[in-house]
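Each in structure tokens, the structures are laid out below.
In what follows, subunit A forms one complex with subunit B and a second complex with subunit C.
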Partner chain A sequence: SWFGLGGGSQQQAGRPPSGSPDERLLVSQQMLEVEMMQDLYNRVMESCNTKCVQPSYNDTELTKAEAVCIDRCVAKYMELHEVVGNKLQQISQQQSDTAAKAAAAVQQSGAARPTGS
Partner chain B sequence: IEAALQTASMREFLTHYNQMVQSCFSRCVHTLWDRRLTDSELSCSNNCIATLIASQGRISQAYLTASGKTFARQPASGAEDSAGTSS
Partner chain C sequence: MSAQSPASMSLMEQELNQAQIREIFTSFNRSHQRCFTDCVNKFDRRSVSDSEKNCVANCVAKYMNTTQRISMRFQEHQAMITGGGAVAQGQGK
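== the complex of A and B ==
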């Protein structure tokens, strides 16, 4: 699964839905993933249309340059999608590491008194 | 309800994610000679991501401060009218 949701779907296949809260969460997450992929697709279309297709409509067919441009554009967009995902993971990891270190430092220096307001 | 909140916050995060990819794509990727991202486009993207995240943090802080002033109400002491803005 692209966005990392619905990981347990392979185990659930074939069983009738029991309506448990976990299952409902899973289903809503899977629907969310579908929705987000649709959103991604729409954005790819929008971006690559803007970048590649010249607004001078002399012909019904795409020129070869436009077709090649679109292929490359989509490939680059999907690669960027992956790059952003990895980078976000890295940043959130750094943030949680920093937070963990800060929390440990606070504990070591004794419990800080909460400042009243 | 917790599941709905979780899904909603997930939706918001993923929408921001998609938005970020689109913004950084339009700002960083200009040459389409190859199917792979060039090194300069990659470094631009990394900077773009970090900058967008930093700006999101700053904007949310500034928004809290500004909306705190905008929507501040007088503390209810006695018969004072509240100074809340109409919504």
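== the complex of A and C ==
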């Protein structure tokens, strides 16, 4: 998963005892991922419906063009899921690097300056 | 995210942690959808083109900047409302 929550391999190995706080935390973390996937599902649904299906309802069946569009739309959406994830990781990495540098700089300047206020 | 064991985290801390993670996930999905909508308009093939990838990457970065700015202003307003008063007002630009 993107955020290292409840990783599959972790589950099989040292599984926490049933009902323990550790297990409850693991379960709630995993539920968050489930929620996220459900949300993702709903958004793909909405997006590809909007992009591919024209709002003129003379017929109930999908045209071949609509069907092909939907297939490609879902494929593209899921491919971009990874692109977005990588970009977000990159951005948050940059931000935490900047924050870490700023914190280090503050500490250094604080140490150098004599205290006396 | 806190690395404390659940036993040492209060229930409130755990719930707040959850809410924060949920918010991050939702934001991720929202930016994905927004950028997909704005950047991908042709379905002549299955794979994503380089220009689409660029567009999405830029869009995501812009989205992050936007949400951060909005979040900042929102917090300033919250502070004003909840009685930060004159102190908080000086922060706005």
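Just so we're on the same page, the second predicted complex is superposed on the first by the 96 of 117 C-alpha atoms of A that agree within 3 Å, B and C clash if a C-alpha of one lies under 4 Å from a C-alpha of the other, contacts with A are read in each partner's own complex, and residues count from 1 in each chain.
To be clear about the criterion, a residue touches a chain if its C-beta (ideal position, glycine included) is under 8 Å from a C-beta of that chain, and two chains touch if they have at least 3 such contacts.
These numbers come from a predicted model, not from an experiment.
Student: Following superposition onto subunit A, is the placement of subunit B relative to subunit C best described as a clash or a fit?
Tutor: Pair status: clash.
Student: Let me test your reading of the model: by the given contact rule, A:21 touches which partner, first (subunit B), second (subunit C), both or neither?
Tutor: both
Student: On the A-aligned overlay, A:88 touches which partner chain: subunit B = first, subunit C = second, or both, or neither?
Tutor: both
Student: What is the contact status of A:97 with respect to subunit B (first) and subunit C (second): first, second, both, or neither?
Tutor: A:97 sits against neither subunit B nor subunit C.
Student: Touch check for A:71: first (subunit B), second (subunit C), both, or neither?
Tutor: A:71: touches subunit B and subunit C.
Student: Would you mind listing the overlap between the subunit B footprint and the subunit C footprint on subunit A?
Tutor: Shared contact residues on subunit A (touching subunit B in one complex, subunit C in the other): 3, 5, 21, 24-25, 28-29, 32, 35-36, 39-40, 43, 46-47, 50-52, 69, 71-73, 75-77, 79-81, 83-85, 87-88, 91.
Student: Quick one: in the complex, what on subunit B touches subunit A?
Tutor: 3-4, 6-7, 10-11, 14-15, 17-18, 20-22, 24-26, 28-29, 32-37, 41-42, 45-46, 49-50, 53
Student: Flag every residue of subunit A that touches subunit B in the complex, lowest number first.
Tutor: Within the complex, subunit A contacts subunit B at residues 3, 5, 21, 24-25, 28-29, 32, 35-36, 39-40, 43, 46-47, 50-52, 69, 71-73, 75-77, 79-81, 83-85, 87-88, 91.
Student: Hey, which residues of subunit C end up touching subunit A in the complex?
Tutor: The contact residues of subunit C facing subunit A are 1, 5-7, 14, 18, 21-22, 24-26, 28-29, 31-33, 35-37, 40-41, 43-48, 52-53, 56-57, 60-61, 64.
Student: Under the definition above, what is the set of subunit A residues touching subunit C in their complex?
Tutor: Residue positions touching the partner: 2-3, 5, 21-22, 24-25, 28-29, 32-33, 35-36, 39-40, 43, 46-47, 50-52, 68-69, 71-73, 75-77, 79-81, 83-85, 87-88, 91.
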